[in-house]
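After this come two complexes, each holding subunit A, first together with subunit B and then together with subunit C.
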Partner chain A sequence: MATQKYIAFADIPAWLEELSAAQTVYAPRREGKAVVYRPWQKGEQPELVERPTESAKHIVFPRAEELFRFNYQQAPETGGSKKLSLAEPADPAPAVVFAALPCDTRGFLFFDPVYSGSGTNGKFQDIYYLKRRACTTLITRTCRAPLATCFCNWTGGGPANREGADVLSTDVEGGLFLEALTEKGEAVLKSAALSPATEAHISAAQSSRDKAARSMGDAPDLGRTPPALISLFENLDFWREQSAGCLSCGACTYLCPTCYCFNITDESNGISGVRLRSWDACMFALFTLEASGHNPRNGRAARLRNRVGHKFSYYPGLHEGRFSCCGCGRCIKSCPSSIDIRRIVQNALAATEASRG
Partner chain B sequence: MAEPTKKSKKAAPKNAVPKSAAPAEQLPAYRPGTPNAYLPMLATVVEVVTETHNIKTFRLVLNDAELMGKFSFRAGQVGQLSMLGVGESTFVINSPPTRKEYLQFSVMRAGENTSALHTLQAGDTIGVRAPLGNSFPYESMQGKDIIFVGGGIGMAPLRTLLLFMLDNRKDYGKISLLYGARSPQDMAFSADLPEWTGRKDLDCVLTIDREAEGWQHKVGLIPNVLLEMAPKPENCVAITCGPPIMIKFTLQALEKLGFKPEQIYTTLERRMKCGVGICGRCNIGEKYVCIDGPVFSLAELKGIPNEL
Partner chain C sequence: MSLHTELQTAIKAILPDVSCVIGWSGGPDALRGAPLFMRSEDDVNNFSGGFFAVNNPALYLPEYKGSKVAVVAKGCDSRSIGQLLAEKLINREEIHIIGFPCQGVIDNAKVVAALAGKVEAGQVTAVEETDETIELSFPDQTISLKKTDVMADKCSRCLYPNALISDTFVGEKREPAITEDPYADLAAFEALPLEERQAFWEKEMSRCIRCYACRNACPLCVCRDHCAAESRNPEWVTQADGVREKLFFQIIHASHLAGRCTGCGECQRACPMGIPVLLLKRSLSRRTEELFAYRAGVDAEATPPLLTFTLEEPRIQEREW
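This part shows the complex of A and B:
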């Protein structure tokens, strides 16, 4: 049977200190108005009241990471032409994420098939992502109450969702009930800082999870969304209306736990340098701009259409109907012009429903 | 690495249901020894050919002799050329799979990376990731007549297939080539032209947009010359590539001549980064040009969102 433990809130720093001996521990910390995941520092009590502004995506998929280094050497024997060598980075260090949100943990499941090479039957894989994924332990924390922007249950998740988590922790009186879900989860629960869970903890956790699930309200049926979005593809008036306020700032994509697009760029001092991959966003005009000057997605309407289309039509078409949205609502909460992806999806359904008449 | 990349074709379900994201057994695992998809092979430029004022051809040999010996690809597949410190861009391998002393890429100077590539000289080392992408389905073209319609640098993806077919001449019926450029000076692959126009087993028509002194061949826009040539659609496959406007009118001309969408192939371009279907940049709806393309039939193009 899976290990079940309890820890009092006050003892969390002692546990994290023990874990940080062998790996980097990331925990939510308040920085100004934001709550972000940062390497835990000795004695620190993680922020467990305010909900994290960002997801833990960057711990497995860094904002910028080195793919390899390159070095040119002048080679006199070839008449001054340049010789080149490449060096790959060291393997990533193991990491633990403490108090990830259930929606964010689930977000990695949308990366997984793509980065395992689903597009090429596994022939080409992203080893940087897969190595980090393999050595990162996710300790998820059941949500206590949804925000107005939350809609995880619309897209198959829930406030106590276990998918992708290694440990599910749930608030009970005075502390957290901890439940190992994977081998990695078992490993982090082998700690003297934790005490065995009692029957009272187990039933309190169950009622916390039930209460959280009930708090979500009803989910609309989004089943017809993929064909609806396809049929609206050439309806530019629809997309202009949906994207009217869009500033192309990219906040939605940067905060999204399932947005996985990246750029590849070189930084060089002329002789040596590094090839980096960094987060990129289909909301930016430059994303698809070609050297010829041609841009197949010219305009905010075409770009927002791609973002919504990818999450609610193209991705499901390639991945057994799963929407690539975990319903965390950050794109809604952080959009400077209040664009709401839930509303766009519902408008698309309404527009096609009306035309079906 | 011989097979073109394939993907499991699943039609978008009519009524997709939100499902749990993935069963635990499908979780990815890093398999030690998996090759690094982003790490280029090193190659040496053995020859640079100046084709036109803005097109250069580079002949490359992989530095690792074993890799070069084992290197195999299909006509239509592409490679990513790296100018380390500047960037990486995608070009078709325009030498045919049947001639493997070097890999040939032709590069039109357009942006930063292509400008850097144009500084390469014989002896320089660059990075190559290849072969990538799908290829022309040439097995299905055996026994058929073939009409190639190429415009400008768009001749590059046709060249690999044309030479492959000429090297396997008996497998195909009548082979025709219509190749056009703005002016004689804009015509790439000029070293190939005497052979192409001289071969008895290739019907080669060259055209330029406007009259030019000393020009011995056709004058006229490609789609118009194509209508004059009037290839018969029966048992014929048309393969076209060129600037977007030329492709647009060539496709119209082919359909006017009676070619069905299934008989017409073209290649698409997109800004690409990873080249292996991961970075999310080159999608058109569900299709990723880097892995599902660059080769598409017109029938396939009609089935994807109009976002060219």
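This part shows the complex of A and C:
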């Protein structure tokens, strides 16, 4: 049976200190208005009231990642032509994310098929992503109550979702009930800082999870969303209306646990440099800008259409009907213009229902 | 008639003459508003001004150039409009401005701070507004906050609560929040040693995710899709995820805004990571006001000092050094 443990809130720093010996532990920390995942510092009590502003995505998929370093040398033996040498980066260090949100850990499930090359029978695998994913342990914490912007249950998740997590922790009186879900999870629960869970903890955790699930309200049926978005593809008036307030910034995309687009640039300094893979966002003007100067997604309306369409139509078309949205609501909560992806999806459904008569 | 009803009446009156009226509605939670683009009377029924009317509608005006639009403007919004006019980025005859006396707007970051350790602001289910307070309902409790405690800083140092330029002005004009120097609060920060200020910015900028919400929320950021930060050829700013690059961009942004920034604060409000980027701009604004005797956005007829050239600036002593 999977290991079940308990830890009092006050003992969390001792546990994280023990885990820090062998890996980098990331835990939520309040910094001003924002709550961010930071490498845990000795003695620090993680922020456990306000949910993190950013997702834990960057720990597995860094904002800018070195793919390799390059260096040109003048080589006399080749007649003065330049000799190129490449250096691979070191393997990533193992990491633990403490108190990830259930929606965040589920978010990685939408990365996985894309980055493990599922569309090419595994021929094109992203080794950078897969290495980090393999050495990262995700300790999820059941959400207590939803924010007004939360909608994880609309897209198949829930406040006590276990998918993608290695440990699920759930608030019980005075502390956390911890259950291992994977081998990586078992490893982090082998700690003297933890005590065995009692029957009381087990039933309290169950009632916390039930309460959280009930607090989510009813989810609308989004089953017709993929064809609805396809049928609205050329209806730019619809998309102009939805995007009227959009700033075309990358806040939604960069806070999103499932947005995985990137750019590759050579950052060179004379004869040496680094090839970087960095986050990109379909809300930016340069995204899909072609060498000719043409951009098939010209303007905000077409960009927002891509973001919504990708999550609720194109991705499900390629990946067994699953929406690539985990419903964390960060794109809504942090949008400077209060764009609400839930409303866009519902407006799309309403618009196509109306035209079907 | 309440100010709200008066504004709705004024909006409905202009609606037939314009392609849309830009204002505000409620947002995705009870503590947040949203920009609203009104084209029908039904849309006007969703209008909601007041304490949650945070977004600066002037941001959207340049894209409507060529058609007539109306805009509901707070005092600070009207300064952005004034600056856009001064820089000839919009045409006066294409804009109908509905001004009103603003009582200040919410700073959601302050609500988060006021509730820190107690409850998440985002769990709010309803908000009741009185003249002095907002009463926030949460699933297990109700919390009352004084408006003055969660009001944007720009409002507590506001010199222009009434729209400075308008075609229709609704309501009774208000007195400014202060009469003294609006930059007085900068002194304490600027008195810090250079190393401390550097450390401050390095810490703050380390949260930057490079979403460029600050830039895209700025009504005076005119390069729009042609920003130096994203230029690939030449590549001015690298894609490396470092504080140096992030701060470098903020300095580019602030420099481009020198003598143009009206202090609307949208850059800082838009930042999802809560980085106080307005501070850099205000520091430059104070200097340009001192040097050129020009306050951005206050006079739509004036020529912005950095967009022109004069042989002798009245406040710069070039000859006697």
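Everything below uses one rule, namely that the second predicted complex is superposed on the first by the 352 of 357 C-alpha atoms of A that agree within 3 Å, B and C clash if a C-alpha of one lies under 4 Å from a C-alpha of the other, contacts with A are read in each partner's own complex, and residues count from 1 in each chain.
Quick note on the criterion: contacts are C-beta pairs under 8 Å (C-beta built on N, C-alpha and C of every residue); 3 or more make two chains touch, one makes a residue touch a chain.
Just so you know, these numbers come straight off a predicted model, no measurement behind them.
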item	value
Simultaneous placement of subunit C and subunit B on subunit A, clash or fit	fit
Partner chain in contact with A:155 - subunit B first, subunit C second, else both or neither	first
Touched partner set for A:8, first subunit B, second subunit C, both or neither	neither
Partner chain(s) touched by A:265 [first = subunit B, second = subunit C, both, neither]	both
Touching partner for A:202 - first (subunit B), second (subunit C), both, neither	neither
Dominant toucher of subunit A (residue count), subunit B or subunit C	B
Touching partner for A:227 - first (subunit B), second (subunit C), both, neither	first
Which of subunit B and subunit C A:213 touches, first, second, both or neither	neither
For subunit A as apex, the angle formed with subunit B and subunit C - C-alpha centres, to the nearest 10 degrees	100
Partner chain in contact with A:250 - subunit B first, subunit C second, else both or neither	second
First, second, both or neither for A:112, with subunit B first and subunit C second	first
Subunit C versus subunit B - closest C-alpha approach in the superposed model, Å	6
Subunit B/subunit C common contact set on subunit A	263, 265
Touching residues on subunit B, where the partner in the complex is subunit A	5-8, 10-22, 24, 26-31, 34, 36-40, 42, 84-89, 110-114, 121-127, 244, 269-271, 273-274, 276-281, 283-286, 288, 291, 305-308
Subunit A - residues contacting subunit C, complex	30-34, 36, 49-51, 53-54, 62-64, 145-149, 215, 241, 244-245, 247-251, 253-255, 263, 265, 267, 274, 276, 278-279, 281, 284-286, 332-340
Subunit C residues within the subunit A interface of the complex	27-30, 32-37, 55, 59-60, 109, 112-113, 116-120, 122-125, 139, 203-204, 207, 209-213, 215-217, 224-226, 230, 232, 235, 238-241, 266, 269-270, 272-276
Subunit B-facing residues of subunit A, complex	67-68, 70, 72, 78-79, 81-86, 88, 106, 109-110, 112-121, 123-128, 130-131, 133-134, 154-157, 163-164, 182, 222-227, 230, 233-234, 260-266, 268, 270, 273, 275, 277, 280, 282, 287-292, 294, 296-297, 302, 306, 309-310, 313-314, 316-318, 320-323
